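First comes the structure, then the notes that go with it.
Naming follows writing order (A, B and C), and every chain is counted from residue 1.
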Amino acid sequence: MPTLRPTLHLDRLGSVIAGLIGLALVASPFVTYRANRIVSGEGRLLFDALPPAGAVGTILVVIGVALCAALAHRPLVRLAAASLGLCVIFPAVGVSAGFVTPVGNTFARVSPAIGFWLLALAFALLAADALTRLRLGPWGRLAALSIAAGMLALLLLSGAWSDLSLMKEYANRAESFWREGRQHLWLAFGSMGAACLVGLPLGLASHRVPALRAALLQGLSIVQTIPSIALFGILIAPLGYLAANVPLAAALGIRGIGAAPAFIALFLYSLLPVVANTMAGLSQVPADVTEAARGMGLSRRQRLVQIELPLAFPVILAGIRIVLVQNLGLATIAALIGGGGFGTFVFQGIGQTAIDLVLLGALPTVALSFAAAIILDAIIDLTRRGGHDRD
Amino acid sequence: MSTRAVTFRAAALLLLVVFVTRPQLFAFAFVPLTANNAPAIYNQGSLLALTLSHVRIVFLATLASTILAVALAIFVTRPAGREFLPLSRSLVNIGQTFPPIAVLAIAVPLVGFGEKPTFIALFLYGLLPIFENTLAGLTEVSPRTLEAARGMGMNAWQRLWQVELPLALPVILAGIRLSVIISLGTATIGSTVAAKGLGEVIIAGLQSNNVAFILQGGLVVALLAVLIHDGLGLAERAAARRLGRPLDEIA
Amino acid sequence: MIEIEHLSKHYGDNIVVDDVSFAVGDGEIAVVVGTSGAGKSTLLRMINRLVVPNTGRVLIDGQDTATLPEDELRHRIGYVIQGYGLFPHRTVAENISTVPRLLGWDRRRIAARVEELLDLFQLDPGEFAQKFPHQLSGGQQQRVGVARALAAKPALLLMDEPFGSLDPVIRGKAQDDLLAIQRRLGTTIVLVTHDMNEAFHLGDRIAVMDQARLLQYAKPADLLTHPAEAFVEQLVGTAERPFRLLSLVTVKDAMEPGSAEGEPITVSATLRDALAQLIWRGRPALPVTDASGAPVGRISVDGILKHGRASLS
């Protein structure tokens, strides 16, 4: 194994990232300036987007990160460089918004432009690669996630971004933002909870009754292939009928259009991963373990609760991870049928060709799915270890 | 395949074809869902044309993603691309947390309304499952098989074409199937950015509060998706059989 | 003629093969034997350059293998590994025709060759040609693996634990089959194994390796009578040495003129088998016949013991 190399050795991946950074720096605008919300904007290169001292400082940091990417090999160094880069350009884009907007102009809008996104992508790639190579344990990954979340919260709360168009869109709708956010979470987590309540017993039953297994899996996988809007649409007709003819349903808030078909569709989508993984988890419990438990006189119920379910738990959790990430994404579509959620802003934004409004809906969704995936992966790792040797 | 399964598939296909070519035949079933003399059958365009354009964009986007994703997966599994392997794995993981609608919505301001943003979203999102599966297929080829191939004097290119890719094919096909299904759904949402597709029927129904439109759009899309999924599944099993793999290996 | 000259291979500080030299004559079977980690496989893989040696060279019929393009070299050398590495997506016939196809043989020639090889390995072409590897038993897979390696009529065959995945019952039969085919085709074979019995059964010459070094390269009998180092002696088994030795010699060499009563023994049987017969039948001597059954002399317990003592001393 080559451990020490006296000569400079270019890292291939790092060189690609450095190239990306170069492209962002030289050829792409850092922010877009628009006279008002609707008109098309003009780009500003990084050098023109910040006060001279700030611009030079930022450019130097960015070039430094690029050099690190291309030449440094230790993952920790690369991670530090990537974090530094992110910690500089995120506030910088906020500062830039204040700098580019003429004093007293309340109509002008400044958004991050392709150059900013490329830089953010390059730094994120560098960080992701370094983190992958560091092979962090579950606690390490959770810590990294909390640090990232904390930095993001600090950035947003400090008001550094308040001159950005994205935050102006937010400021105009702060109340509905949180309302739709709660609705989004309710749709995603509520349908997941319902799916667990129904799916776990179903999975258990089909583990015990092989005849049920094939039919159930086939039916559920057909449901999975139906595109979300189509399923929403198919559910609207019967739910509408129900609302019109069953007073109780109407009183419960069930209507043809709205959250009900979205909730039910998400629930149906969630069933397959929960049922299939419960079955898979139970069937991979080693036969000699259950045999030993029987031999020790554990009842069927005790075996299930004390032996089989704990051993199947990581696999079931993996199913729940699939469901959660899938639901957080799919819940965006619910807005199309009046079901609310962050998708509301996405579709409004599409309608008004306002990219910042689209981002206001899309970014929290992506952040939520991303965080959910990391957290659940970490939990799965922790349960796989059997909860013993946590270091 | 049992005769019952064949009949069932044939009937479903026939139903779909008749519905999109002669939708008026089914008007009687949708009239009860309408109010105020609204039309029962979508009348703002031909269902057949929408179906064809829906399938066309999914086909083209999947073709493009397949070419790029397979090429990328081959690249990161060659000695020259090894350094990119760990990152590409994490990127696929991260990429899948992006909802397709976000990709679609972000593409609109960049390229305008219509087919283009839909194609971009389909293409980008379709890359992930194909890349992931190709990677899995290529890395799961037994080292012993590769050692034998090398020992018999196959060069890197011959090993790739004659051994690695054929062995990975069933897994790659499964990835393509997954990608097609996701794309069929995303293309439906594409109608919100004015791409020609079956989503139009549902959106029109939502806008004019016409449940008949919503339902028939939903049913046509669902039937199309289930049939395509099933057809690709058959192709996969046929490929696996031709490669001499026992059938039960492919779920 | 394969000449291995001062081959060495190291990975970092780890020396895997240390200055190994020996030569294998045409049509001979050389068996490389040793404990696991002794460097046997690496040595073998340096012959077809799957591993590139740090120093030393391999000559095939006087030609340095390093001067040939690697793939071309490997087309000319058959290679069989443990587990065989059959292509799971190709039929038996396609597997066997791999190298001929790489060499661009025409289709009729390939088909004829496949049929010839299947016949040679007692696999009915009608039944087996279109089967896939997963439809074959272990023994059948092994035969297809060897047939595939022999497809392009290589003058040299490299085998790395070719019988390692077979159960003991069919292993002996597979070894006999290999011997028969090798005698018929005259192929030179370098075979790696950790199994001493296999080495004595198959080898015209045996190379004993330990910790990257070649300890001794000799005919089986010499290995028994003159082990070069304590390790070799230990490896060939002190207690079993006389019996091993007897199994290397045929009745022909210890036969005496004259006749005896009882079930005859053929001249081609080993002395070990003959001794077993003598003990079993409880006789001091038995008649010996040639292949046609005509009596040619007698073999006695005394004769065998005398022969054994002579070769051990």
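One rule holds in what follows: a residue touches a chain if its C-beta (ideal position, glycine included) is under 8 Å from a C-beta of that chain, and two chains touch if they have at least 3 such contacts.
It should be emphasised that the depicted structure is a prediction, and the values quoted were computed from it without experimental measurement.
A.B. asks: Relative to the centroid of every protein C-alpha atom displayed, which chain's own C-alpha centroid is closest?
C.D. replies: B
A.B. asks: What chain lies farthest away from subunit B once each centre is taken as the mean of the Cα atoms?
C.D. replies: If we average the C-alpha coordinates per chain, C ends up farthest from subunit B.
A.B. asks: Round to the nearest whole Å and give the separation of the Cα centres of subunit B and subunit C.
C.D. replies: Taking the mean C-alpha position of each chain, the two centres sit 54 Å apart.
A.B. asks: In angstrom, rounded to a whole number, how far apart do the mean CA points of subunit A and subunit C lie?
C.D. replies: 61
A.B. asks: What is the distance in Å between the mean C-alpha positions of subunit A and subunit B?
C.D. replies: Their C-alpha centroids are separated by 22 Å.
A.B. asks: Quick one: in the complex, what on subunit C touches subunit B?
C.D. replies: For this pair, the touching residues of subunit C are 48, 50, 70-75, 79, 81, 83-91, 98-99, 102, 132-135, 148-149, 158.
A.B. asks: What residues of subunit A sit close enough to touch subunit B in their complex?
C.D. replies: Within the complex, subunit A contacts subunit B at residues 11-13, 125, 128-129, 131-133, 222, 225-234, 236-237, 240, 256-257, 325, 328-330, 332-333, 336-337, 343, 346-347, 349-350, 353, 355, 358-359, 361-362, 365-366, 369-370, 372-373.
A.B. asks: Per the contact definition, I'd like the list of subunit B residues that touch subunit A in the complex.
C.D. replies: Listed in rising order, the residues are 33, 83-84, 86-87, 89-91, 93-94, 96-102, 105-106, 108-109, 181, 184-186, 188-189, 192-193, 199, 202-203, 205-206, 209, 211, 214-215, 217-219, 221-222, 225-226, 229.
A.B. asks: State the interface residues of subunit B toward subunit C in the complex, per the touch definition above.
C.D. replies: Per the touch definition, subunit B meets subunit C at residues 142, 144-155, 158, 163, 166-167, 243-246.
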